[in-house]
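There are two complexes below, and they share chain A, which is joined by chain B in the first and by chain C in the second.
Right, the complex of A and B next:
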């Protein structure tokens, strides 16, 4: 199914008497737009990072590497970033590995429900996680410290406003990602390899340490590198928990530089570009590791898992899983929910004054209500347009045999290597210097969301599209259908459940978006996540908690719908 | 070049180019003409300059081991692969020509195809699947309904019309795929290993049905398979392909009896290949003498004048008589039964004779014991000279 219009080489065939095909035109337009959306902002960011003259003018009048040299003065910030990222990666991967091993290799009660619960931290936004943990563990006022004082302890037992606190919260919520990646590696390992060790007389612990661990080591390493890259670019936890204690990482430093007066966009851009380079190298290392076939001991096929009976250890292992659920889901969300219904946040029930006022305020205060409505509108818009364009993109990249499809895939996946808020800054710069004035409108936010969500959407939809046998589409062509007719009558209907799931995923990602939104929203285009941040710093904890609950609830409803859609997709797959 | 039956380039005359329908054709044109087809995937060449033609109403099969380029050739006819060079003409109209920069998209080629995976759309009913090609052609509802019923009737699936396609068994899906392929009355149907996913018994039944259907409709068809039994049973002519090239084109009987080279002799049926050289010159009827490496002289046959560089003859295992069935007077040689293996439909003997070991297959009715000294005999025309391997 070659693309007739834009084929190169000496055999470029032409349809007689008809211009370029609709397929060719659509392909060219989509590629141009998406390419521009990704590349253009980064170009602006790079240009600005070389600006050592007046940071407010563009294009720069004086060009030099001064902003990069200035980073030497920021060495403590870079050090902080690496320290927090390494530390939290260590915790997250350890948690992820132990959880993955327990849930794929041992027999514990309530395994099915635990597996589902493990996914929840992934859908709680890091921002909400950080807020909840500050409610739990702020010095003095934190619930844990309140309880400690009530029980007669002196001082605070925990303080979340520390580098350790930032790393802890980041680790808790990325632990879920590490779990998913490592358990995928474990599921693709032949259990006979472990059984062999047991048959030869090794204990369960020895088997885990000498067989399981070395075999999944490449998978664990891959997960570690991936999580590390995510940590480098993470913003929310450091924003909520780091800034009160004057602890800065690169992302929050960029934020401060752009907020200060006059904003130092040049230096912020240089830091952003540097962070992007580090993240890019890290992710390239990850891709290389995966492609090199470091997984060669592990075949591609999924094995039926065989689980070990752990005897009296069973309860210890189950307790570990529930402990993770407790600290990553139950405690934080419980604290958040409790606070949202109180006049003053407290865990001591005899002092509590319950009220609905926070929710009433959230829905009646114009700025907050607008933020909620805007987020929903943007979510629906981004998801709807996004899914449509991304399906076409996936088709072009993986099915059309267009020359250079690999390059397109690379460009589309690019935003993944750029920290969200750096991309937000880049988009802001690019559009401030555009003749069309979109700044301060929802359109700009929509464009930003679409761009940064390209990798997520394309990856999700690729999984869906590639499930559909190619000959189903080819057959439509042979029966006489044009490309557009084939898309409409065969491809899209077959993809429906998968597309619904991808739509919900994009909607969720839009509603929880912070890094891009924080730069692109204007006074008349507020959205929920940045509104939560500003409410946190200006209004009370209780109102912020109510807003966070509203956001989280919206997301959870969508997650439920998504699970339902995915289940339907698998059922359809079975019946065909 | 290995191609003996190399076809002259398709007529490029004024009639073909102008494709005027009023001028009567001087002689019936072949329905499909493939000339010098080359298909490349990046650096890898899947098809190296293949040429053949399909006369109207013929059932032609491309047969070869996996990776020989047969499916690629078929998909090129459908327009699902873009060839690197060459020309494909259907009904006198070029649908692909690298020289004239023509590439008609799949949907405008008017061919139909049955896919290996059936490609039944699971989100439609059986009726909608079959009606698809008719709806695309904007056929009026009544006529469409009648056409769908007619083709479902032909494959005996009429009563399943309202079923969701996802609920059909493999054999039923196969029939629906067939009905869909014939519903819009295409002049050409392409089959991409359509029976390979069926179990052996069903495959046998479907072969008969396919052949019947083919006769009823009189459609030209190109069929791809790696199963030589299937190819022989249903085809008018067979094209043997290997590594992107054509090894031989001919009727099933022709290919079985007169394999052109050792690849064909080996891939199709079972044969003994015996090394040696041509002695003297052949007689007018193609018979000649062949001296084996150990000095035995065999009366052999060559369908073409020998070039003198040939080093092998092939003898089909089924054409050799042993003991009581050794009736031929042309070649009679002594041997001893070394092994006997009972296969059911036939018994395979390994017989020691002077050039080495000879494989013989006989019906199970006549059993010879291991260790018995026997006479083996075969006709000169069954001892066929093979073309020398080209470097």
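Right, the complex of A and C next:
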């Protein structure tokens, strides 16, 4: 599974006419629904940011720009947000670049399994990562500091409750996308240039720094901008690790301002809009960079990927990869597992008492069982309906001759530029004031997930759809097939493996979703990620750890099942 | 600043339309307020009720909005379900400020999900009563509660839990001799960066803030802020950090949390400050426009009865306001503690903005 970097510069679709009526109707309906899902909540968010009267009054009775002016007093929070986003992006991109280079350009033992292990941080909810690192690196009691003390060290060597700690966890668990994006750029790079450098006598390190890095620099820069935008809207690590250290970023400030009484919805909305503006500019820069044909290493010339033999450095590079697996997978999950078996959470082993009770409790509580089932139902539903609608959207945007397709693409990508929490709040207000009463149901969560996952799904599926030669579809149309018949018999079967990968991506993203769920979850529509937050804040770390282990295992099992199903489908395709 | 003009009128037409449809969409059998205890209460399973049990079971559901520890809430609701298995229970748990904001936002959008509402901040309770949020129902069980524990007029809300708060520490980390004995001892600079409190979202924190200001020193919190205390949403986070030695002292340490951790075998000691323990209630009432009004009344009757209160004491480790219910196992009776309740709840409620400002400054949000 991979998030594919899309070269928009390559997109030169043959725009068709609207064709048969069915195509026009379906296109209009889909655009109307998706546009409304994105725009309607943002309208509420903007309106609320102008509310300077009673925050409990909808619609606002007194409006003005006071909330925006008040942001001058929030300069520290905005500064914190930029600081932690920059740090985490720096760490994520550096680690992502080194890992991508090792795994795509060098020959190391266990490469195949390492590539698989690199994906695991993506399955782990950032919240789970933050919780586990709070167990590992708390200044007094963290495992790492305990180990340091055991070895005779004094004081603490790491403190996760700092801005750098927040940035570290964000980079590990929310920055895994950097590795995926940079790997994609490196995999498509012609190795002849590196080989030329080696033939001319440059060392491997010099070749990496003077040839590989400049060649993939635009791709790395694109990944950096994309990751930076993600980090700006990050929430979980800042919640668990930032607040205890008096460190607020915009998302945690919004959390505090909206979940207190009286709520400061106006100030929270203005902060959300400001983040939207920063993220929108950042993502527009990313799109501009990509559209400039930044991936100049992708040429029409055929090449065979070759990897460098690194001699004695092989083991050092392999060790770096395993170190990443250790800090992002093995240590966090190990710490969680240990805590989940404790009677009360402690890393001081002399006072620890072990029990299975947390798992008994987790499985016996109807609310937790319901949350797990609801998450799976929503994951399957969002992924299935989402993939279907998003394939059509991608086709409309890239293959139809619809006027203003570019604008539609921008609108669809809006949720990418709005932090999940902010969008969740906007959806809450929008749907609380809708004629159809969906608040408190799984339907609203499903709509929320679909809306915020539109950019992810559309980007992934665009990569898939654009791989299919247009001539195949044109053949079907020339032979007299209707648009729907062509989609059903030609386009969709060709896209099947890619669609399965996109389905899986949407499924995982739904099951680990937190920002939107926090605001939309009702008493009978609990889902697992906010249930873990709730448990963390009121039921104790040990039960929370058990829930986090259950969530991670659930995702992992589902991913394995999907890999198995995809492999079977691919094999069937080959055999026929 | 400008008042809403024609432009915004146009914009908000969408809201008005939505609200219109929303009202139309809302349909539910209205249940009239009850301003007197019914003449012949039904003797139910260990308690008396004026609720229509058949209708409650037909409704089949009860939604409880509460601020209490989730694991305890689940068990209390399970005890009720054991008596009435046809009524499925569910809950929403948030801290006081968050829960109240959520409830008001839902009601503003005419989404009525809550049946029974329990919250630990009397100021918010008074506000909700003023907004007409409570349904009036005089439970036969309310006779067992003191007049000052009930709304005026009776039937809107009742104190269901009493919560004292003091100081707590880990005896493996801090010796008894070194531990603070009273609130002023906590101002010693040696506690800088190692003391925790509850967040501004907590009703207990509001009571503690108010009572210490009133009873200990008006500038207490200015001095306390110099210790750079860490604020947490729940007592669980405070006590987890004590157990692990991350903090040395927890202020606003709820006695109930201490009892719960002690029962788990965790190394926690409690200090009842000599100048008194700020105390507040958890207040319960039936919500107006509750989607399951009969089930809500039945639950309230059970919850206020000795059976419901024993369940509360057993699972939340709270003290009951009923004098015929024993304190939690291993707990001192309230009569042996110096409890500090606000004498003027109106003044307490009016202090909310100052409290929020002070707390946000201490926790780094402002």
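We adopt the following convention: the second predicted complex is superposed on the first by the 468 of 576 C-alpha atoms of A that agree within 3 Å, B and C clash if a C-alpha of one lies under 4 Å from a C-alpha of the other, contacts with A are read in each partner's own complex, and residues count from 1 in each chain.
Keep in mind that, in the parts below, contacts are C-beta pairs under 8 Å (C-beta built on N, C-alpha and C of every residue); 3 or more make two chains touch, one makes a residue touch a chain.
Fair warning: this is a prediction, and the values are worked out from it, not measured in the lab.
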{"item": "Touched partner set for A:203, first chain B, second chain C, both or neither", "value": "neither"}
{"item": "First (chain B), second (chain C), both or neither touched by A:139", "value": "second"}
{"item": "Partner chain in contact with A:353 - chain B first, chain C second, else both or neither", "value": "second"}
{"item": "Contacts of A:490 with chain B and chain C, given as first, second, both or neither", "value": "first"}
{"item": "Partner chain in contact with A:361 - chain B first, chain C second, else both or neither", "value": "second"}
{"item": "Contacts of A:384 with chain B and chain C, given as first, second, both or neither", "value": "neither"}
{"item": "Touch count on chain A, higher of chain B and chain C", "value": "C"}
{"item": "Chain B versus chain C as contact partner of A:263, first or second or both or neither", "value": "second"}
{"item": "Residue ranges of chain A in contact with chain C within the complex", "value": "43, 47, 52, 56-64, 66, 73, 77, 138-141, 243-248, 253, 256-263, 343-348, 351, 353, 361, 365-367, 428-429, 431-437, 439-440, 522-524, 534-541, 543"}
{"item": "Chain B partner contacts - residues on chain A that touch it in the complex", "value": "1-2, 4, 7, 11-16, 21, 469, 471-472, 474-482, 485, 489-490, 493-494, 496, 572, 575-576"}
{"item": "Touching residues (chain side chain C, partner chain A) in the complex", "value": "1-4, 8, 11-12, 14-22, 24-26, 63, 65, 68-71, 74, 90-98, 100-102, 104-106, 108-111, 113-114, 124, 172, 200-201, 228, 230-234, 236-237, 240-241, 243-246, 261, 264-267, 352, 356, 360, 363-366"}
{"item": "For the chain B and chain A complex, residues of the former touching the latter", "value": "78-80, 82, 84-85, 96, 98, 101-108, 110-113, 115-117, 119, 121-123, 132-133, 136-137, 166-167, 180, 184, 190"}
